[in-house]
Amino acid sequence: DPAIIFDLGGKFDKSFNEAAFNGATKWAEETGGSFREIELQSEAQREQALRRFAENGNNPIVMAGFAFASALEAVAPDFPDTKFVIIDMVVDQPNVRSVVFNEHEGSYLVGVMAAKASKTGTVGFIGGMDIPLISKFACGYVQGVKATNPDATVIQNMTGTTPAAWNDPVKGGELTKAQISQGADVVYAAAGGTGLGVLQTAADEGILSIGVDSNQNYLHPGKVLTSMLKRVDVAVYNAFKDGEDLETGFSVLGLANDGVGVAMDEHNASLVDDEMKAAVEAAKAGIISGEIKVHDYMSDESCPVM
Amino acid sequence: MGRQETAAPAIELRGISKAFGPVQANKDISIKVAKGTIHGIIGENGAGKSTLMSILYGFYKADSGEILINGIPTAIPDSQAAISAGIGMVFQHFKLVENFTVLENIVLGAEDGSLLKPSLAKARKLLKQLSEEYELRVDPDARIENLSVGHQQRVEILKALYRKADILILDEPTGVLTPDEADHLFRILKGLKDEGKTIILITHKLREIMEVTDTVSVMRRGEMTATVKTSETSPEDLAERMVGRKVLLRVDKKPANPGRNVLEIKNLRVVDDKGVERVKGIDLTVRAGEIVGIAGVAGNGQSELLEVLGGYAKATGSVKLNGVELDLTGKHSDGKSRREKGIAHVPEDRHSEGLILDFQAWENVAFGYQDDPRYNRNAILMDNAAILKDTQEKMERFDVRPPNPRLAAKSFSGGNQQKIVLAREIERNPDLLLVGQPTRGVDIGAIEFIHQQIVALRDQGKAILLVSVELEEILGLADRIAVMFDGHIMGERLPHQTNEKELGLLMAGVNEGAA
Amino acid sequence: MKKMPKWADVLLIPAINLSLAFLISGLVIWAIGKDPWVAIKTMVQGSFGDSRGLGYTLYYTTNFIFTGLAVAVASHARLFNIGGEGQATVGGLGVALVCLAVPWPHWTLALPAAILGGALFGAAWAAIPAYLQAKRGSHIVITTIMFNFIAAALLGYLLVNVLKEPGNMAAETRSFPPGAHLPTFHEMLAPFGIDFNKNAPANISFLVALLCLIGFYVLIWKTRLGYAIRAFGQSESAAVYAGISPVKITIIAMLISGGLAGLMAINNVMGEAERLILNSVEGAGFIGIAVALMGRNHPVGVFLAALLFGFLYQGGAELALWESIPRELIVVIQGLVILLTGALDNMVRAPLEKLFLSFGKGEA
Amino acid sequence: MDFLTIIQILDSTVRLATPLLLACLAGLFSERSGVFDIGLEGKMLAAAFLSAAVAAVTGNAWLGLCAGIFASVLMALLHGLASITFRGDQLISGVAINFLAAGLTVVIGQSWFALGGRTPSLIGGGRFPDITLPFADALAEVPVIGQIYSELISGHSILVYVAMAAVPLTWWVLYRTRFGLRLRAVGENPGAVDTAGISVVRLRYTAVIICGVLCGIAGSYLSTGLAAGFVKDMTAGRGFIALAALIFAKWRPWQALGACLLFGLLEAIGNRYQNIDILGATLPVQFMQALPYMLTVVILPGFVGKAIPPRAGGEAYVKER
């Protein structure tokens, strides 16, 4: 059987881990297969869980989160016949598939939409903790906004300094209110469970919000402008489907192969007019063709527009 | 044989027994107390007096036995029941809320309704009436923590009277009172008795028993050994019944033979942390081979004086020990450095200063001397075996019961706790011994012993400064008496040339002979 | 006239309490539709059944010994240090800086240096709350809570902006040099012909923790300093009488406490992760409170309580791994264990004491 | 900084301070009676969960509130059982309650809603709406006073007003009623209360239950007032901050209000100004987020001085050993 390991946030974080879980579930439902899973509780369990699953004969083993890198570096060589899939990070081992997402590209697109939708010219970004991954989201977003409306202001906030920052919807709500009072009328949340508070408050206060990772449009129909999709579910689904003889190596999921994108569905149809759609499509085409270069924060750990 | 016999006693206890875990505190105790009398109870520390009274007051539940109030069997499962049965009790350790006002303490539990205001107003009125009726004056709005112990005790009595108590129990009420305050208390008690109230009085002081009680019971090791009419007994007789052997009630000592000046105090002033000047420029000398007693009502600067000499309060002025100036700024001195200089200190309050109640006896014997090389193996490790051995020896010499160095200090009775402190300080062979309230709450058997030890130290040529609120103790023990009042020394007297009356006046700030 | 025998006090009662806790836990497991018997077997097997499980159990135990002792030292001075979390975080920083600063040739050199680094940083983080408590009367509970938050912020800033390797997605330092690698139980026991699992994270820090337990015992009950700490903790007024300075003892006790919490980093940062990561303490500072309280601030008790929590952590992981039991259930079990062995102790003790007393009387 | 910004920050302060204030007053009742409580966090969490769960199922916030209070009181009774009846260690019991709440909310939530311990998002009557006070809209245009009234005072959930009203009420109960007198007394000297013929056990249980009720409101406010549903661990340490505020306030109601508003204000400012440029250098976001805590540490010794807890606090009342 395949196995999946969720990161410390837990599999129901409404975004990243949950997307991974959905991919696995989808596979199980389609194939009738079963899989093993574990939600980590401590750092030391990363390596432990990897080894235990590998020894148990689970193959392939998918892990959701960049934090697994060093554990995997240590474990992979010991199980040459087991295939591992790591998401969000590159681990250079023969039996590892590394899946990374171009979150900056997707974030650029939602930035474009935010700038189009904003009437005040001020939009917001709310992250969980200040870690590089979140900066990657933020940087792409700002680029998209500025490319669309160079005069726009982007207010950025982080929720906290401890992991509690990913599960504090109340604080998310307050940050949203603070941004609203500074003029923001579209807010992009990349903050796990905290984001739920952001979306809620935005809906309450009558402004638009943007979800992340999974499609969160349905949470507040007509009030969530869109969601920046990060198809972790696809990555997991593919890995499970490929089974024991999945191809290893480096795999980038970006706009080009629908690994990231913006969610368009019935819940936000009323918010997206044709002009906005066109702008998004244009930006998307430009990025895929290489005409538009979205700077990846991770490449040099800086953001030219911030 | 007629009427008097048939009138039911106010209180009758039948076969009361009570055990605390393995300790049998009361064994099959029966006693009758006639209405309108003052009944004394005496007994050694730990004899079970407080336990018995606490049972009567519903604080503890007896394991077996029966209580009759005015001849009617009454169940007293809790203090509420005791209060409704007309019983009031003043505990040995007061049961007052320290940061409440007098009024609040009095109405607590006896409020009239769920709002405080009417209760307080009513209590204020009644209090005024009561305090006039019984000479129990206290400021109803004062906070308990700012009151002297004597006043706190009045509050306790007022509490009982406010609840219309007909039977009043007082557990060691005079342990903390000055003679004046004690006399005042006894006047009140007699007044109450004349009104037909019944009073039970626990005390270690035979003088008080002889003075105020009508009958007296003696307890020993949880049993009631005798009940006699006070008029038919004597202090010596009671002491013997209590302790089980003959007790010397007077301090037996030779005249002093003072030598050089050990302690010289000049113009000593102490300001406490609230900025109040507590000692206002005193001069005093203590010579080798003499006991200087400081008499005075508690709170007149004696405690501060001891603290300064003991090294843990700041002062100005000059203090010389054996001619060498001591540091009074607190910068270069503490309790430890004073001990190293040869000042031993038996503090006034053994519970909050002299002992660590949860420490075992041997740990308490090292207390304050933890840096003594004899108690240490090297710079880091203590020599616990040596301390244990030393403690064992000390306990035998000082007759501490039980002589078990591994017992926690809190498990010893007050007298034995005091012996541990004394053994620790006296056996240091200090040049100067400071002693505060050496026999507070201690039974007479132990008092005799403690006094002997202090005198013996004097006879070795040591200087002793004794602070006590017990005039009797000061008169019996000291070779010279200084009386403190309001931070001043009102005068010095020699014991054989003065009396309680003169000292009492000095303690009240009246200096007749001063002119 | 005998009290309860000592064995009943230290063994029987905790055993009954623990059984009760597991009984209730079993009911909870049963209620969510799993087999409690299988669950307990999985837990025990997974944490003590083989050297791998044991290695993990002892790894967690090591963390909890350090933080438990940290809380216990402060408790003896009647200071409630809930800042173990922050002190261990900053201790991790100290260990990481030491390990990264020098290309260590061998762990025998790196470990003492790291011990020093961790302890010093941890102690430094406790120093300000200690000073404020001793000199200004600021309540240590508030200040240490605040310092937990501040430590998290500090570490977050340093890892993201200063210590992180460029290009790394994770906010973590680079790996420590090989010379700073601590021998694991596998490496330590191999010379004796014992084949301990190669991958279990238990390492030589466990022995350091054991030494700390012994050191703690000696410190508290055999040294002058320990005597002064206990005396001060029992009664401040008495301590002053004896010439023990409250300011000095408060600060020293908190420094030792913070140092012990900081020492934890040699296990989780140096021994396991071999790099500094965000949130590496993972609540061990708070578990330390439970460990110290349940261990009655005595090293033997702390050890047993730490072992118990090590078991719960490792057994819980196994449960999650093989029984698909949600990890929060493990938290519930931990809560039940703390409640029954720690707070509801008298529920079992009082009737048992009576029982023994009546036996004693029967014999007498 | 313009006037409106100040109002908005204060408005945020009020919202952030409310759960702290309720939990702080809860702790005040418990600790004034001599029962220390570091389980405020757990009680709030339990209440946040059950109130959101019931509100989600019934669509009625008031039923949710009742359920939240019920959950919190249940936890409080457990604390009482351990620390009053069985005279256990109050700190351990509090720690245990925090663990139990953190675990049980998710375990029960998962088996109930299968949303990973989350409750469904609350809609409509499942949440406490913000109340617009009379004339608020009309006065909104009046400068200063009108703005303060309509922006700051009006427009909060009913529970905010409940919390604010709880302050004078607590003061009144504590200092003006028989119950308050006894409550204060039992935390200072249970022996005095006992010998005055009052049951220490009953009194302390009452206090602990009141603590449960207030924590219940605090938790319900979090999940049904501020947020719209429960997310695991959503109290995010607020119970501990409330405890700090309680010590800060030296266990007094008005000061508790002050302390909670201060903590709320510091957090609101930290939220509003996360990236401040000072002399060309940008202060890191972590600095701004730690600022409330650093300020607390600075303010504490400067203005508050020594906090003396209720004298009998933390210890079980034992008269026979």
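Order as written gives the chain letters A, B, C and D; numbering starts at 1 within each chain.
Basically, a residue touches a chain if its C-beta (ideal position, glycine included) is under 8 Å from a C-beta of that chain, and two chains touch if they have at least 3 such contacts.
Given the structure is predicted, the values throughout are model-derived calculations rather than measurements.
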Starting at chain A, fewest touch steps before arriving at chain B: 2
Highest-count interface - the chain pair sharing the most C-beta contacts: C-D
Inter-chain centre distance, chain A versus chain C - centres from mean C-alpha coordinates, in Å: 36
Distance between the centres, which are taken as Cα means, of chain D and chain C, whole angstrom: 29
Gap in Å, rounded to a whole number, between the CA centres of chain D and chain B: 46
Residues of chain A whose C-beta touches two or more other chains: 10, 130, 161-162
Per-residue overlap in chain B, given as positions that touch at least 2 other chains: 21
Multi-partner residues of chain D (at least 2 other chains): 110, 117, 232, 237, 284, 286, 289-290
Interchain pairs in contact, sorted by label: A-C, A-D, B-C, B-D, C-D
Of chain C, residues touching chain A in the complex: 56, 59-60, 149, 152-153, 156-157, 160, 164, 166-172, 175, 199, 201, 268, 272-275, 277-280, 282, 313, 316-317, 320-321, 324, 326-327, 330
In the complex, chain B residues that touch chain C: 21-22, 310-312, 334-339, 345, 347, 352-359, 363, 366-368, 370-371, 376, 380-382, 384
Complex contact set, residues of chain A against chain D: 10-14, 18, 130, 156-158, 160-162, 164, 167-171, 173-175, 177-178, 181-182, 193, 196-197, 200, 204, 219
Of chain A, residues touching chain C in the complex: 10, 36-45, 47-49, 51-53, 66-67, 69-70, 88-89, 129-133, 161-163, 298-301
Chain D - residues contacting chain A, complex: 4-5, 8, 12, 15-16, 19, 110, 115-118, 121, 222, 226-229, 231-234, 236-237, 267-268, 271-272, 274-275, 284-286, 289-290
